[in-house]
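Which chain is which? They are A, B, C, D and E, in the order written, and residues in each are numbered from 1.
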Amino acid sequence: MFAESASAAPSNEAPRANALLEVEGVTKLFGPLRALDDVSLGVKQGEVLGLVGPNGSGKTTVINVISGLLAPTSGRVLLDGHDVSGKAPFRLARRGINRTFQIPKPFPALTARENLEVAHHGGTLSDGEILELVGLGGRAERLAGELTASDQKRLDLARALVTGPRVLLVDELGAGLSKTELDELAVILRRLVAELGMTMVVVEHLMGFLEQVADRVTVLNAGAVIFSGGLSEALADPAVIKVFIGG
Amino acid sequence: MVLYALIAGVLIGLFYGFAALGLSLAFGVLRVVNIAHGDVIVLGSYLAYELSTQAHINPLFAIPIAVPLAVAIGMVFYRFVAPSLGRSKDPEMLSLILFFGVSQVIEALATIGFSVNQDTLLTGPVGNASVQIFGQSFPNYYPVAAAVAVPGALLVMFYLYRSRLGLATRALMSSRADAMLSGIDVGRTSALSFGIALALAASAGALSIYVNGGVSPSQGTDLTTTAFAVVVIGGLGNPAGALAGGLVFGLAEQFAQSYEPNWAGMVPYVLLLAVMLVKPEGLLSRRVRYA
Amino acid sequence: TGAQAGHTRASAAAAPKQIVVGTLYASSGAYAADSLPQYDGVKFWVNQMNKSGGVYVAAYHKKIHVKLVAYNDQSSPTTAATLYSQLITQNHVNIMIPDFGSVLTAPAVSIAQDHHQLLFDATASGTVFFTPNNPYIVGSGIRNSAFWPQPLVQFLVAKHIKKIAILYDANDFDAAQAATLDHGLKAHGIRPVYYQSTATTTTTYGTLIDSIAATNPQAVIEFGYNTNDVPFLNTIPTSGHRFNMVFTVFPGQLPQLFQQEVGTKNLGYTYTYATPPLVPYSKVNLGLNTAQFSRAFKHSFPSVPVTYPAMAGYGTALIAQEALAKASSFTQLAMRRAIGNESGKLTTAIGQFKITKDGAQEGEFLPVGQVFPSHGGTTIKVVYPTSMATTKAKYPAPKG
Amino acid sequence: MAAAGAPEAAAGVLLELRGIGAGYGSMQVLWDIDLSVGEGEHVVILGANGAGKSTLLRVALGLLPLMRGTIRLRGEDVSGLRTDRRVAQGIGFMTEVGVFPELSVRENLLLGAYRLGRRQAQANLERTYEGFPLLAKFRSRSAGSLSGGQRKLVGVAKVLMGDPSLIVMDEPSSGLSPVAVQEVLDVLRRIERSDAALLIAEQNTAFLDLAQRAVVIEGGRNRFDGTVAQLRDDAALTRAYFGIE
Amino acid sequence: MPERDADASGQRATRARQWRRRGADLAAVLVPTVLFALARTVDSNLLLLVTIMVYVVLAQGVNVIYGFTGYLPFGYVGFFGAGAYGTYIAVAHLGANAVEATVLGGVAAVLVAVVLIPLLRLRGAYFAIASLAAALALSSLVSNPALTSVTNGPYGADLSKVFSAGGSYWMAVVIVAVAMLAVVVLRRSRLGLQLRAVRADQVSAGYAGVNVVAARTGAWLLSALLAGLAGGVYAWSISVFYPTAVFDTTISLFAIVFALFGGVGTVLGPVVGAVVLYYVYNAIGVSDPQYFQLIFGVVIVIIALFLPGGLAAVLVGARRRLALRGGDVR
């Protein structure tokens, strides 16, 4: 349909200047529910895009569509100019798109280290280094099912990192962390960008955290993009304040 | 012929659905794979048989007798095995072994108690007259079985979807820990569901002795298989799904018998496969998002 | 055949203390209903022998005590296989009688041949068992079911019945009968109006009967096991259809069971194969005759009805008895040779014993019987062939 | 409210945990923890990731067996009491996930008031729909189809449905947007005015504004127990939990 | 402690552990194989030994598909029957010798498994029942009179011209070795680890870059191959059989129960489970035939209630208690 005809003539729509990841007019329906409504966004190589919006606005759905868990109802996802919409997660993982989950999903009966051994290794860092990086160095031999909720999130992140993603999608990694821990996490993410040139989409409700991490934000409301630009401008935008910040 | 197969398929299908209800409930609520389900049906059939031949009571009275009996036995039994199932890492599979053993025990006891021969009831549930439906003549137990099955399933639906206890039961299906946190007495509710599941099986036995042309101790495995197929077609844990699955199974079987009898044994299973591949969670089921 | 199994070679030295008879039975599962009476028939013979001081063994010119070793295979062929092996390799049985029916006998055939152990086969008739290069099996009970319908073909032809419906179950026993009937009829220019198989597990017959009725047959022949025949017969009257002739296999073999499970009304005027004890053999030259057996068996096993499987168990044991009595040496092959020489000369309570070169029983003959209502029940009378008939067939079956 | 039977418990103590040791299998996670919540008192538990906050709450509810120590509810020893009985006595617990995904939002809410019986549940349902209009809109959707934050909201509302005299929550704010956090805080403030007690494990320090008392757990042991004001005075703790602002 | 030393001793320990592991693996393959090869000198009932070996292989096949992927195949007997009939067809129509025919039996089962790959889209009980349906359908296909020219339909299969008690016995020993090797290799390989991950959470496994479908399909085909070989050698060992004998659903149930009893996910559990339970089954039949089934049933119930997790769990539990988390128990 739309996606096909569009991909048949890619030259018509020249990709935005050096955008690594592009979401083009994606709509996603769940029955009658329009969870995403013609959402478009682009992220450049090495850029961190913050994705914010009230609960249920469609942030996770965007991540799900980009990462191949869901196929878009219409519209498409481009990686490096190639249409990757609807490809199986494992193929995307091997092509350099990976993610974490809002509710972490490790392999509970395997140790943290084994959780990483499972993965297709695509990056330059060793498993040990990655565990150190996310702060699980001391818990490598613990069963994943015995870790705390937030440690499981770190493990989720580590598992994504092992595959050596170019694009990392992070879904509310900061939820449930203390202030100190949030600061540590922000440092980790920035290091990934700086040292490995990673590109990120970060879903987060904690503005203090995004301030440290994101270069730019896109605000969703009811499945539609209502703002795109710098974080401080977003926080001053009346529409954003109304639906998201409150006050 | 078309009409006959259609009506017979619907009537027998409703019976199949009813015969599968208990299995669906036990699996859906308790994650218990009750391999002995068919053997409980067999016990129900023997109860009906004994009532009719020894006490000269209408065999359908087996149902009101079996229900409280089965609920009581089921509750006690479940209380007895629940701790072991609860401790297990994979309770589903443990229940499979456990009930495989139970099934062996029931079949052995039935063999010792009732001998290996097939036993048949010569008088129908409402006399021996056949029944005319749209000009076709059917054994009267076809509509009787359907007439018991439909309100039976409705009752189960009422219990699950309209009663407080049913809400508790479904909560339990969804998450044990969160059910406890809602103040639900998980042990009692589970035991009761298991009891009801057995009662449904035993009740189906009073009809099965007619529909399946008699009862014998070794029938259990086949009945379990059919019930499983029916439940899976319809979707686990959903009474309406069981009835839908029963209809699909019954119609497939009867139409095949009418047109391709030598493939009739295969047809319901091939159909089951087809349904599974098109709708992997069964015809009537709700999916939950992953992330 | 130079090489003999070890245990039989040892017999040249001294007479064994006992003759070990090995058999299997199924206390549960699909074959239990037939297997248990067959086992009872064997047990009956063992008791008889021991009461009379043992079985006569010609090789030692004396009677020797009989010991019965029986295991329970639960109707499982896999289990039966290991138990047959156990009977041969560990119990070193002298006489081996496999379990009821072809499915449970099959696992014994090759292993028995391999161990040079003769099988006295009571109720298995599979064509694959009897081959020229296997001398280690004799059919001592029933004939291959492929031969059974021959009198039935003749009967149908004689009655000028042209429109015939055949429904059979997809198993060796029934399919063989159906094929024979079909062939036999075609030889007389009769093409069945309905010729279909169905799964052996079928128990609901309403729709099948309805589609059979749609072909307007004069006779409906159903080949099944008793678990099929019972619901089949019970469903016809409620289906609203009537047939001039209905034939099923098992009422003749298990009349008490059918009387109880089908009843006079539904069973009346249907047809079946007449087997002993319905077809009595009063002049026998081995063991008790049919009537004597019925009486004595009832005395020994008051709660077990006298049925064909029980008689087949007994009759088979008699053949083994004769083999022991005639074989000049106490080896399995000698027994086989001795019993081969007796072929055609013996009549037991289940009829004539006559085997082909390959060991398949061919002496038995199954006349067509019809069920007649009688005071308080039914009796089955032979209606064909005329030479054996005790009454004339009532065709078409009276209404009501 | 008969606290009289318990010698140690001061009058008005609702929940009291004393000398608690607990863990998973053979691995001990909590060591000799004391914690009490008075009638109507609001307590916030702070602690780093992995400190044992969730574990402590699970123990209090009886989801995890005790290795050592006693738990008293209104002075009565409930250490061995089943979870559902504790809930029946008026404790409501919101877990980190906390909804029945296969059931509808409405059914989830009704289950929150299971212990109160049908009629009361129905009444509370109306009240909840007023308090959380979003949930009224979603009433017949299955909870499992909701977004993470929406589920959290259902979880919060569900606990409140049961009119518990002690509300226990494990990280109610995580995953909620700022507006939604405000909403939850507003709701809890309304409770503040009622006589229900609160026990909340949180990272979001905004919740401290609700509390009279804070408890800090580190490495499975008590590190601090005192008023919120005292906590703010402790420089080391302030740095760890509030960050340098 | 200087870092160097710590490193060196760590490496030594790792190498020692590796050697111990390899030794254990080798033993896991060799010990059962050799014991079965020697068993004929102790027990003259070769068919019993073959049957036990067949169940050992079947239990290992269940281990591969259930223990590693969580797919419980109620219809596992379908592959067994396909193997038996594949062997029959190879002998009767292709003129293969018995050894070739047994191997072709394995191939036949793999072919059936290929056709059934779409079943892997199903989960849990749905898969279990669908596989059973497939087996029942296959059984009724094989025994259908319409296929008499290929399978001999209801009239049964006759392989007696290639019968060889000794031959089939040794073939069974070889197949046991193959099965043991398959499980050992699978458990040690990354595929084994990936399968365990897939079992826990297939979506997460996908994001770990695991080709979930391929990994599962591999395990599925391997377990079909094992069942097919078992069916082939069983067909050879009894050589005369009917469709009902090799498509008997209790064969699936026995294999599953044996595997679970021994402990799935382990290498030796299913072997021990099959040997112990089959001997128990056989022994009850001998000592008290009257109440055979009753006793067998009660034994199973007792096992389920008091030995959940199987024998392996008991042993591992004991080892855990001795040395908390000792190396490679899982």
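Throughout what follows, contacts are C-beta pairs under 8 Å (C-beta built on N, C-alpha and C of every residue); 3 or more make two chains touch, one makes a residue touch a chain.
Computed from a prediction, not measured in an experiment: that's the story for all the values here.
Under the touch definition stated at the top, chain A and chain B share these contacting partners: D, E. Minimum number of contact steps separating chain A from chain E: 1. With centres defined by CA atoms alone, the chain at the far end from chain B is A. Annotation: B-E is the more contact-rich of the chain pairs B-E and B-D, by number of C-beta pairs in contact. Separating the centre of chain B from that of chain D, both taken as means of CA atoms, is a distance of 42 Å. Annotation: 38 Å between the Cα-based centres of chain C and chain E. Chain centres here are Cα means. That of chain D falls 49 Å from that of chain E.
Work out the mean CA point of chain A and of chain D, and you get 31 Å between them. In chain E, the residues that reach two or more other chains under the touch definition are 140, 144-145, 203, 250, 292-293. Chain A has residues 60, 69, 101-103, 105 in contact with two or more other chains.
Listed for chain C are residues 27-28, 170, 197, 199, each touching two or more other chains.
Pairwise, the chains that make contact are A-B, A-D, A-E, B-C, B-D, B-E, C-E. Residues 66, 72, 74, 118-119, 121-126, 128-130, 132-134, 136-137, 140-141, 144-146, 203, 249-250, 253, 256-257, 260-261, 291-294, 296-306, 308-309 of chain E touch chain B in their complex. Across the complex, chain E is touched by residues 27, 33, 35, 81, 84, 87-89, 92-98, 100-109, 111-112, 221, 225, 228-229, 231-232, 236, 262-263, 265-266, 268-270, 272-273, 276-277, 280-282, 290-291 of chain B. Within the complex formed with chain A, the chain D residues making contact are 24, 27, 46, 48-50, 54, 96-97, 145-150, 152-153, 171, 174-183, 203, 205, 240-243. Chain contact summary for the complex, chain A toward chain B: residues 60, 63-64, 69, 101-103, 105, 171. Those residues of chain B that touch chain C in the complex are listed here as 1, 4-5, 8-9, 12, 107-108, 111, 116-120, 122, 124, 128, 130, 132, 136-140, 142, 211-214, 216-218, 222, 253-254, 257-259, 261-262, 264-265.
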